[in-house]
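For reference, the structures are reproduced in the following blocks.
Shared chain: chain A. Partners: chain B in the first complex, chain C in the second.
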Partner chain A sequence: MDNLIINEGFPLLSFLIFLPLAGALVMLVFHGESFARFWTLAVTTVVALCSLPLVSGFDPTTAKYQFAEFHQWIPRFHINYVLGMDGISVLLVMLTTLIMPFCVLASWKYIQKRVAAFMICLLIMETSMLGVFVALDFVLFYILWEFMLIPMYLLIAIWGGPRKVYASIKFFLYTLAGSILLLVAIIALYLKNGSFYIPDMMWQQYSTTFQILVFLAFFLAFAIKVPMFPFHTWLPAAHVEAPTAGSVILASILLKMGTYGFLRFCLPITPDATFALAPYILWLSIAGIIYGGFTALAQNDMKKLIAYSSVGHMGFVTLGIFVLNSQGLEGAIMQMINHGVTTGALFLCVGMIYERTHSRELDVAAGVGKYMPWYVTYLAFFSLSSFAFPGTNSFIGEFLVLAGTFKENVPLALAAIPGAVLAAAYMLRLLQRVVWGRATNPDQSHLKDLNLREIVTLAPFLLFVFWIGLGPQPFIDMMHTSVVSLLDQLHSWQQQGMALR
Partner chain B sequence: MDPVTAATTISQEPNLLLAVIIPLFGSLVVMTLKNHPNLREFVSSAASILLFCIVLSFIPAIREGRTLVYQMFQLLPGLSITLRADGFSMIFAMVASSLWTIAVFYSMGYMRGLKEHAQTRFNACFALAIFGAIGVALSDNLFTMYLFYEIVSVCTYPLVAHHQDEEGYEGGKKYVVYLTTTAKLFLLPAMILIYVLAGTLDFPHNISTGIIPGDTRAWVVIMLYVFCIFGFAKNGVMPFHHWLPGAMVAPTPVSALLHAVAVVKVGVFCTTRTMLYVFGTDTMSTFNLGIPTAYFVGFTIIMASVIALTKDNLKARLAYSTVSQLSYIILGVALLTPHSIDGGIIHIVNHAFSKITLFFCAGAIYVAAHKKNISEMSGLGRTMPFTFGAFAVASLSMIGAPPVAGFVSKWYLLVGSMEAHQVGILLILIGSTVLNVGYFAPVTYKAFFGKKPEGAAVGIHEAPLSMLIPILIAVTISVIIGIYPNFMMQFVKAVTG
Partner chain C sequence: MAIVPEITVLIGAAAFFALSLFKRLEANQVKNTAVGFGVISLLAALIGVNDQASLFFDSYRIDLYSQLFKLLIAFGLTVALIFGRELKDIDEEVRPEYYLFLLLSALGLMMLVSSVELITIFVSLELSSFALYLLVPMRSDARGMRIQMEAGIKYILFGVMATGFMLFGMSYLFGLTGTTYLQEILAALPQAPQPAALFAVIMVMAGFFFKLAVFPMHFWVPDIYQGAANETTGFIATVPKLGAVALLIRITTLAPGGDMTLIYLLMFLALCSMFYGNLSALVQTDVKRMLGFSGIAHAGFILLGLLTLDPGGYAIAMYYIAGYVIMNLACFLVLCAVSREGENLAIEDLKGLHQRQPVLALILAVGLFALAGIPPFVGFMGKFMLLTGALSAGGENTIYLWLVILAAINTAIAIYYYLSVVRVAYTADPEDRPVVAVDGLNKAVGIILVVLIIIMGAMPAKIIAVADAAVKTIM
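Take a look at the complex of A and B:
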């Protein structure tokens, strides 16, 4: 337990995890529509505010798990209730808590049937997502990881679009298939170690074959979640059919769990397999970047366009992780946050158009610029951010990832560049169509510009676009020690291995 | 001095920030004044004059040999958004800001004369483009330059596609595809790789050292160099020049200020800034990058002139002339002799004033006579003597005849090519001069001495005063800087030492 900094005072992490769940239980009793809306907004806002001390109290000079809590749970099987947060997870936790109130706001008018049930799903999602990022016991992790699927499935299957059944089942089966192998790997690791405590499983002398098998099991589960090409086919379907809040949660937070899994589990638990398989994953990432870009360019459905752009953007994240140097890793984590902010905001933007035109087709939304100046101003900034315009958040992430890649492998980095070009192409195409359109635009004069609720919903996203874009250093400082410590251990492991051989 | 410590020891100069903020703020105010056209135009002109005054206020410090620096944001170690004013930035900043003041008045006359739509958007984007251009001029490092370069690309799209018809959209699409693709495909990897190699992107304070480490392998340096030349596609170097003729669908003030001055000069300014301050003359000569570049752009010079000969549309002819003339600047710097670098840099100024005059004239002819093609302009000079008179003088400058501005740059370039012992370059320069005569002289000749066509429309007058005055100011300055080149040359000398 020497890598835990036990939180002796108020159990803040547990409080944050279980507050949404408690809020959801209240709604079982009181389920008036407007009560549900205000109550959920209040609960998520309280969680967001209470998570702020995590940042102010976070010690960026140590790589240990902070705010940790350790309680025995099922001693017979060495299952414990362990929570903790290091530099890799702190920003993801913050992203989750801060984004949830805006998901509620985005659903204010959009969701009209079974409001209370919808809000319960959102709150349960929040509990399980926060838990996944801070769980340090594999059983706890796995329970929360699986638990998440149910509310997400319901969000798509009940409040989704016309093909919601197809999309939700595809989503469910895909992620479930991945998770089963994850469970197998977890049990295999338990049999080796006799404990489910995650830090104890790291940096152990497993045989190379064992490592490769465990790695592949992890990889499949996480690659589906990211999603990495060619495991991405569930994503466009799920995004297109999900309600706005579902798409935002899916894009901003759920996808990050795959890449978080790579960082938290694959690298320290199976280091030899990581070194052996990283080159393949790097080229798979490049394939995803290019494939996602080309496919996004061909879409006329705005949600599909952004969904495929996610495949490309997440390709940059996996690229950064598996070049295995500090710039790449820091860039990857930055890019996870940036993608959460920017793509979340873009899905909100598409949702706002959908509420007005009841269509996601580019041609139907063409030429709204003249009538919705506020809207297109927001959309312009988020599009610029999405294709990594310098001065916005994504630029820093992409810059660091590419700098890290250039250090390791110049041809690989050059191969990723067309992805950046494609990103500019599809985002500018989207922007051009929505703002200007063609000479034959539909009449958009009846459309109303954003109301105050919508302006307020998008404003914080814009703030973070420029905050991270122009002053990324504080964000990088928070993760730096953890990243460097992870890499140090990884590289000394590699040297030890060579010495042994 | 180490560039990093230099930036921290020199005190912050807030006026630099002001220079960038004024056009940005002006643009934001213009956007809110949709229903008050007079007030809107007043804001535009006030911002332009204010900006010009601020740029002028830097002159004393630059004359003392100081470099003004203002750091806005530190992103990563060695990666910041920082502004600087030195001799080189002043040349472009003065050109861009002074011509903005003139162009604002001209575009008022043009846009109102033609009753164009969406004038608010036009004015706002115009100011944003200047914001980008001034930012490029005042960049202290490659990243800041790249940032403002991209801002110019994005903000000028609405100006190119202004008419919102099929032709406008096509031109705009070509424009954006060429400029963003080259920037992302070439410039972005080059910039990141330079950062990885050098650990910084800050420009040094001389033109010889550059920031590329000396032990970099040759193929990497050459690759970076080629990426930088093609990445700044706004420089109009072939084969990535097609966007410029395509952008001529824009209203003429845009063609004049942006596609003769602000946008294209952003391209050559970035290219030459990179050649001199990222690679430096030492690296350039070590890896023998200069002479091949000179011959490469020499091809553009000749080829674009030949294409210009074939164009009957006046703006298209001017566009190809621009493509050709821009490469003079790069050619001069690439020869790497003191005189040739002087000649290249001073051509930024000389070409700007003369070419904006030519475009202003083309716009005036269109507003007054609704003529776009040269073949229809026979005898028009006798009806519009001032416009065509100015056109004649400015085309002399393009040809490089004394005493107009273009002569000065051509003189330096010729001397430079002899210093470099490059007969081939000398022949290119002479050949292009002949071609310049070939495509400019007939325009003036036909206008003054050609026969008016039968049944020519009556009632064509000289262009309105609001357009004529900017034309006359621009052409006068062209002559003045031809006769007294020393005012601008002092800044050039500050660059080359």
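Take a look at the complex of A and C:
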């Protein structure tokens, strides 16, 4: 337990996790429509505000787990209730708490039936997502990781688009099937270590075969969640059919769990397997970047376009993780945050058009620029950010990842460059169509520009686009110590291994 | 005083015997009496949970193990009586008889879990089985299809065959050891010649495999589930399995340690049950049949706890069957409420249940997700602990690893059919299907079951500790 900084005072992490759940329980009793909306907004806002002390109280000079809590849970199997947060998870936790109020705002008008049930699903999602990022016990992690499928399934299946049944079942089965072997790997690790406490499983002398098997089980679960090419097919379906808030949660937070899993589990628990298999994963990432780019270029459905662009963006994240140097890792984590901000905002934008035209077709939305100036301004900034225009947030992330890749492997980096160009191509295509359109434009004069609620919803996203884009240092400082410590251990492990051989 | 739960149920059965002699009876009184006896037996079991005694020349043991199982049986009986109290598809004339046999069956099961001698085991088992055989054909024959008759005949034929296997095995046990007391058999069996002793144990097990619906003794399940009235199936699918697991654990403790034949056999049966149950359930359209096949798969999971041949594994098997009974009761509660005249439900009859009765839809969803093994419900915790136990029992033996991987894959297969029922209930349009009425008592019981499913799943430590203590009393 020496890598935990136990939080003796108020159990802030538990409070943040269980507050949304408690809020959801209240709505089981009181389920008036407008009460549900205001109540959920209030709960998520309180969670967001209460999570701010996590940043101010965070000590960026240590790689230990902070704000930690440790309680026995099921002693018979050495399962504990352990929470803790380090430089890798702190930004993801903040991303989650800060994005949820805007998901509620985005659903204000969009969701008209079964409002209370929808809001309950959102709050339960928040509980399990926060829990996944701070759980330090593998069983706790797995429970939250799996439990999340139920509210997400319901979000898509009840409030989704026309093909919601197909999309939701595919999402559920895909992710569940992927994590089945994860469970077996967790049990196998427990039998080697005698505990489910995650930090105790790291940097242990497992045989290489064992490591490879465990790594592959992890990889299947996390690669489906990311999703990495060729495990991505559930993503476009789920994104297209999900309601706006569902798409935002899916893109901004759920996808990050896969890459978070790689960072938290694969690298420290199975280092030998990581070194052995990283080259393959790097090329899979490149395949994802290129494939996502080309597919996005061909889409006419705006949500699908952004969904495929996610496959490409997440390819950059896995690329950054598995080049295994500090620029790469820091770039990857930055890119996780950036993708959360930018893609979340883009899905909100698409949702706003959909509420007006009831279509996500690019042709139907063509040429709204003339009548919706606020809207296209936002859209332009987020599109620029999406293809990593200098000065926006994604530029920092992609630049760091590419710099890290060039250091390790030049051909690999060269192969990733077309992906960046493709991103510019498909985003500019989207932007150009929506702002100016073509001669065959439908008449858009009846469309109203954004109202105050919508402007407020998008403003913070824009703030973060430029904040991270122009002053990324505070964000990088938060994670730096943890990343460096992870890499130090990884490299000394490698040298030890060589010395043994 | 130690056998108060049994005596309560016996008095209940006798009361219904007396009632059945009268011609005209208020339907309300009959069902309230039944529920009343159920609740009293539950209270009696609750009070007597810490009793200890040895009765009838030591052939009947009252200990924590038996009392816990009695508590579960009384609980299952009470819940089944409450949600089944309308008995929509049972003729009013035969209702007193129906309750008579239902209570007798519960009595037999309560006696069974306390029996530690072969003859006593046999008598108790037959008491509970024959009462059940009679319950099945009591469904009214409105449709002229006589499916309940077919089911009843099938049930009795398969049942008698299974009993034959068991008696055959018991005769071997007696022949090899010269005693009918389990405790003495346990001491004498290691000296008995192999493989006769092993064969005897497996044969005795076969009788209980029938009750638990383990492959290849599962053939009765789909037809009986479908042919019996919903309320009857709700009982058959849950409570008798408690007795079967209780006795399977007792019999397994007789098995010679260190011998792999029995373990491999159990592994084989476990995997066959899982694959057969899950793959068949995928294509079912009748909800009860689907739950029947899913029950076969769950029986396979319970064998994972037995084949560890370790007290820890038995305790987890106890935990799992308790959870299984609760999850299944939740599902049957919904089925009985949705079925208007006691007819069988196809999956599509649940369309739009979320709009027709949100509480029932929630209970059904929790029950099915729990059966599917999604956290944080009891089904997940049980499966997780069974897999952990099986993998740790194997040590370096990779066969156990494969067993666990295949069992895990089965969880993934199973999710599809559970999910498709939830999907129908939550996303499909109700079309012209009417609103489902549900009274306060059913609602309350359903919510209690949901809370139990969540609490058992999220906080299993205490329950496992009690199960551990219970298993220690029989070792």
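Keep in mind that, in the parts below, the second predicted complex is superposed on the first by the 501 of 501 C-alpha atoms of A that agree within 3 Å, B and C clash if a C-alpha of one lies under 4 Å from a C-alpha of the other, contacts with A are read in each partner's own complex, and residues count from 1 in each chain.
Here is the rule we use: a residue touches a chain if its C-beta (ideal position, glycine included) is under 8 Å from a C-beta of that chain, and two chains touch if they have at least 3 such contacts.
Note that this is a predicted model, so its numbers are computed, not measured.
S.K.: Will chain C clash with chain B on chain A after the two structures are superposed, or do they fit?
M.R.: fit
S.K.: Have a look at where A:Val139 lands relative to chain B and chain C in the superposition and call it first, second, both or neither.
M.R.: second
S.K.: Could you tell me if A:Ile198 is touching chain B, chain C, both of them or neither one (first, second, both, neither)?
M.R.: neither
S.K.: Which angle, in steps of 10°, is spanned at chain A by chain B and chain C when each chain is reduced to its C-alpha centre?
M.R.: About 160 degrees, rounded to the nearest 10.
S.K.: Tell me the contact category for A:Met427 with respect to chain B and chain C: first, second, both or neither.
M.R.: Once the two structures are laid over each other on A, A:Met427 reaches no partner at all.
S.K.: Applying the touch criterion given at the start, work out whether A:Leu450 contacts chain B, chain C, both or neither, answering first, second, both or neither.
M.R.: In the superposition, A:Leu450 touches no partner, neither chain B nor chain C.
S.K.: Once you lay one complex on the other using chain A, what is the shortest C-alpha distance from chain B to chain C, in Å?
M.R.: 44
S.K.: If you look only at chain A, which of its residues touch chain C in the complex?
M.R.: Touching chain C: residues 72-77, 139, 142-144, 146-147, 149-150, 153-154, 157-158, 164-165, 168-169, 172-173, 176-177, 180-181, 183-184, 187-188, 190-191 of chain A.
S.K.: Help me check something: in the complex, which residues belonging to chain B touch chain A?
M.R.: Going through chain B, the ones touching chain A are 73-76, 79, 81, 143, 146-147, 150, 154, 157, 161, 164-166, 169, 173, 176-177, 180-181, 184-185, 188-189, 192-193, 195-196, 220.
S.K.: What does chain A use to touch chain B in their complex?
M.R.: Residues 384, 389-391, 396, 399-400, 402-403, 406-407, 410, 413-414, 417-418, 420-421, 424-425, 428, 432, 436, 438-439, 470-473, 476 of chain A touch chain B in their complex.
S.K.: Sort out for me which residues of chain C touch chain A in the complex.
M.R.: Answer in residue numbers: 312, 354, 369, 374-376, 380, 384-385, 387-388, 391-392, 401, 404-405, 408-409, 411-412, 415-416, 419-420, 423, 426-427, 460-461, 464-465, 468.
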